[in-house]
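Here come two complexes built around subunit A, the first alongside subunit B, the second alongside subunit C.
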Partner chain A sequence: MIDTAIVVGIIRILFVCIIITAAYIISTRNLLSVVSVYALQSLTLVCIALALFSLEGSIILLAIAVVTFVSKVIIIPYFIATIQEKIRIKRDIEFHYLNPTTSLLISMALMLVIYMALSRIVPETPTRDSLFLFGAVLGISLMMMGMMVTFSRKRAITKVLGFLSMENGVLLFGMFVTELPFIIEFLIIIDLIILVILTTILSVGIDSTLEDYHKRLHRFHLLEDSEEAP
Partner chain B sequence: MNLDFVLYLVINTLVVIAISPLFVSLIKKVKARAQGRRGPSIFQTYFTLIKLLKKEVIYSPNSSRIMRVTPLVTMAAILVAALFVPLVFVPEPVGGIGNIILFLYLLALARFFMALAGLDAGSSFGGMGSSREMSISSIIEPTTIIVFAALAFVFKTLNIFDMFTITATAGQPATSTLILIAISLFIIIIVETSRIPVDNPETHLELTMIHEGMILEQSGRNLALMELSSAVKMTVLMALLINLIVPFGLTTTLTLAGILIAMVFFVVKGSILAGIIGLFESSMAKKRFFQLPSLFAMAFFFSTLIIIIAVFS
Partner chain C sequence: MIVELFILVILVLLAGTIFPLISASLDRRFVRTISLSCTIVASILLGSLSLLNLLSGEPVFFFLYQPIPLFSLSFVIDRLASFFLLIVAVVSACVALYFTEYIEHMDGQSRRNLLCGCTNLFILAMVLIIASANTLSFFLFWELMAASSFLLVTYEYTRDETKKAGIFYFIMTQLSSLFVLLGIIALYTQTGSFSFSTLSVVSTPLITIAFLALFVGFSIKAGIIPFHKWLPYAHPASPSPISALMSGVMLKIAVYGLVRFLLNVFTPDLWWGVLILAAGTASAVLGIIYALKEHDVKAMLAYSSIENIGIIFTGIGLSVIFTALNLNNLATLSLLGALFHSLNHAMFKTLLFLTAGSVVSATHTRDIEHMGGLAHRMPVTSALFFIGAVSIAALPPLNGFASELLIFMSFFSSSFIVADSLLKVLLFICLALFALTSALSAACFVKAFGSIFLALPRSPESAAAHEVPRAMLIGPGILAAACIILGVCALQIFAIVGFAVPLPDMLLVSLLLIGMAGLTYAVLYFTASREVRVSETWGCGTLSQQASAEYSGHGFSEPLDVIFSAIYRTRTKNERTFFDQKNCIFKEGTGEIRLLKVFEEYLYRPIAEQSMKVAQCVARFQNGCLDTYLLYVFVTVIALIIFLGWFA
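Right after this comes the complex of A and B.
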């Protein structure tokens, strides 16, 4: 068995990775890198689940790791990358209500509030309590930061990414505080995949194939430099 | 003040002056390679400095005494600040040397005189550079203070020497909070030394230049002093990052072999960091002036997070 102190150290470093990716998603204007950063964030979650598995040995954590890896690291980023290639939007520079800097500052304040609130609610257990409390705080903060991304961006794709990173927060919270039944976790992921497919349809064209919609974009002069012009 | 400390003063100053031009040229070399050019030799900055030292100094007829003292004041302030950050050997701190707040104010003093000299000659470029530098520094200074406050919270001390002693004796690098500190310090390095998302150190285009604009009127050995002082400043900030995050090789006892080994280690680690800075610069475009706060907000966010973690857990 691996030493507990080392695993706890690794989990702390992974927490830091999650904070960094969340801050990146909330503040970047470059659409192409957001998807890969989201995949990275999900991969970090997989690593955390594996580290927790080596600590506790519960088989559900392993299942969560596998399902998360397949769906959120491979399938969903692949879908969104495909959408991006089709619609050719590279930058997201329009914001509602909050610009990235303000959202960063607000999320900082939120994190502090969540920490103070949770430290009263979560019962003090003698072992590993600070780690689990920190995981819970991070989970809820990630949810809040995802929510801020969702309502402060104007593009549909970034909104969806905000929602997805919100779900990552739920997963993180579930891993550290409550015992989410595996079947619910699985259903959430199926929901997410359906959501992403719906987004594909919404942002590329509701009632047509992709090639058809391309022509329509041309008619409305939404897409200019393309060789397959009619 | 004992003998060890006097030796430290001499060694540290000599090392920092000898190494810093190398890092500047290394960054230029990496950037040139990234753009597909061969780039200047890695000793080019030394040659440039020697050439400038031989040249005559010319002052504008409009300039006052400030123009004459600025290179000396800047160099002196930066060199004293360099004493606060041990590069290869950490002695016992003596007096106020190593205090983090004094360190920040020495950097601010150098910057203040540089901005004054930019205004002094009366050229429009200098005034523009000074104005921009001061606007940027008024935004970055709170962030810098928060980053250093986070350092003080993590290490429970205000003295850089004590921090280095802690990291050098603990030997193990990179706990989780240190990663966040590293990112914040990296952003500070980029901003303080006028590198690409903030300012372009190579251009003399009036729209973009900040640091170059201020030293446009300097010539001869004064220009050499200004160039050297900005190189030393960069090396000192890099040393702060290196010795906090990857401290192995840093020695706390004064032996000849230990110092030589530490020096080799420092040059290697510094070259790697210079390479990273060069690659970072090559991968970014210069940001618009009013978008800069988002860069600072990142450093601010991470270091406030460190303080929250340090205070509550």
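Right after this comes the complex of A and C.
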């Protein structure tokens, strides 16, 4: 076994990674990189699960790591990359209510508020528990940041990514605080995959002709007028 | 015996409701006649059971059905309940009798069947309210009454006027239900039960809230100023027999509710009585002042209902004040006055609405300025209306006089007994206003009777009017007879039910009066000359008498308009232009007299506008955009987190 202090240190570094990825997802206008960053975020989660596994030895954490890796690092990003290839939108520059800078500022404030709230609820305890507190704070913050993405972006595809990022937050929170039953975690992931597949179908279309589909694409802000031309 | 009769009444009324509904598409007279016959039969049964109970005085309690533990359909018929059941019975029987003929002259083909069904449902709801043994079923049937009466008001829903009245009525009646429910919930929180049981504690803030809520709820339904505005809209809009039912009975249900809660549940404070008295007096005076101004005959009757409800509330308020001061004899006297006036008002107001309905259906207008000369064309109707008008103007020996006299007497006697000088002043002021009310209501109905029935017809329709069918005379006829009997035999009636009241023996007076009249007639018959002269009535020396030159209703009420112009808020505007600079040669001008609808413009409309503003603000939250809803979720979660961290 690796020394506990080292593992804790690693987990903290991974936390920073997660914050960075979340901040990137909130703030970037480049659609292509969002998917990779999402995959990176999921990978970080996998790493955290593995690190926790080395601390606690719970087999469920290992299972979570595996399932997360397969679904969120490989399958879902693959599907989304496919969509992006089809609809050829590179940039997302339309926002609702919040622009990226404000979102970033708000998410910093949010983290602070959540940290203060949680530290009032959870009594002060030694190192490892403070790690768990951080995990919980980050989990909730990630959730909220994901939610901010879902309502501040106009494009459906970014909304989906925001939602996926929210789910990552739930997973993180679950790993540190509540010990979600594995079956629920698994079901959530299946839901996510189905959601992404649906998005794929909606955005790319199972219809034979694309002309029929343009209206619907417009409705989901997936197609610009300029790209409509044959 | 009474229980079986009561269940029979319910079943017959239900049959009268359901039968026309299942044959709703059948536009036949017999459907409606059967339905209304059900009403009549049920009313007769109801009347006999309430008379039995009123005389025996034994409260009857029975239990029908308990769907859930806290709520049961159980009924209690005591003397108070049977008194009000009697009002319902008499009025519904007469109205249904009148309705059998009236409904055949209405528009709406097979929709009229629904009207019959709803009428039965409405009466059923009122019967069940009165008999309810717990507050929850009271509220349930209260709502049933509100809903069915709304359907009745909006019968002629295609007319704009009716739509407006319907919506107005619906909002007001729902407000009333809301307040009643609030009061019942407050009582439940205090006592933990829904039964009409006397409160163990005297007064807590919660009980005060319960009383105020119930008072407002019942006031809205009864049409106490400033919650009265639905009456003058709803009554003209609905068919006349429905107006008669609503004014004659439904307003009394609100009175019943108030009396029931005051007697059985609360131990009232002094200030409650002062509140009720003040509200009642204000309604009485303002109601009759507005009635004087009104030229729509049904709206005038509606305002007059407000006045009479005000009188009833005055009696109740006095009774509460005297109870709080431990003057039990006076309290009983004034409560008897209020209850007797409820009965009397039900009689004469129904009579007036029904005869007004006959007049309106004969002349096709509700404006009394376009009537006139109907005494020759509709002699029986005019005689019946005259009896109603004399009763409502409280002239002896009819019933309005007897009940108002009771309230006057309790006012007079109190002035010797009540020690608190402030209260004494209040009572004197109320007494003065009450006296004013009586005088004004006499003026009002002199005007109404004169403009409708006397002189020459002022419109072709009025000139072509003729007497209504017999069925439309029998119903009002019974009510007119009741008005006379209740007035003449008031003392004897009170003696039969076991109350000794200081009323003069009107029977003796009436017999004397009849004897005098007979004697005078006999003397004149034998002494006067038999010479017949045919001439025109003297018309102030004009060459030919025309309807347009008559003394109109407007003219009659003009002096009163001037006296009360501060209340009417009449705005007179004259604009004149002249050809020359010295203002001598008149060029043109406009003049207008505008009536300010004080309550509508200063109370209802601002409240409605504020509600609309709030509603628009709330509606803006729901903009159909997914992002917005996500934003709400986001904000809610943050609020929850903050709440958890700092306040939980």
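Going forward, the second predicted complex is superposed on the first by the 200 of 230 C-alpha atoms of A that agree within 3 Å, B and C clash if a C-alpha of one lies under 4 Å from a C-alpha of the other, contacts with A are read in each partner's own complex, and residues count from 1 in each chain.
One rule holds in what follows: a contact is a pair of C-beta atoms (placed from the backbone, for glycine too) under 8 Å apart; a residue touches a chain by one contact, two chains touch by 3 or more.
Quick caveat, the model's predicted, so the values are computed rather than measured.
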Exercise for the section: Considering only touches as defined above, state whether A:134 meets subunit B (first), subunit C (second), both or neither. Expected result: first
Practice task
Could you tell me if A:108 is touching subunit B, subunit C, both of them or neither one (first, second, both, neither)?
Solution key: first
Practice task
Name the contact category of A:100: first (subunit B only), second (subunit C only), both, or neither.
Solution key: first
Practice task
Please indicate which partner A:20 is in contact with in the superposed arrangement: first for subunit B, second for subunit C, both, or neither.
Solution key: first
Handout entry: Contacts of A:148 with subunit B and subunit C, given as first, second, both or neither
Key = second
Practice task
In the overlay, answer first, second, both or neither for which of subunit B and subunit C A:120 touches.
Solution key: second
Exercise for the section: Pick one for A:49: touches subunit B only (first), subunit C only (second), both, or neither. Expected result: neither
Handout entry: Comparing the two partners subunit B and subunit C, which touches a greater set of residues in subunit A
Key = B
Exercise for the section: Pick out the shared contact residues on subunit A: the ones touching subunit B in one complex and subunit C in the other. Expected result: none
Exercise for the section: Within their complex, state which residues of subunit A touch subunit C. Expected result: 96-97, 110, 113-114, 116-118, 120-121, 140, 144, 147-148, 150-152, 154
Problem - Sites on subunit C touched by subunit A in the complex - result: 625-628, 630-631, 633-634, 637-638, 641-642, 644-646, 648
Fill in the blank from the handout: The residues of subunit A that touch subunit B in their complex are 9, 12-13, 15-16, 19-20, 23, 27, 99-101, 104-105, 107-108, 111-112, 115, 119, 130, 133-134
Fill in the blank from the handout: In the complex, the residues of subunit B that touch subunit A are 174-177, 179-180, 183, 293-294, 297-298, 300-302, 304-305, 308-309, 312-313
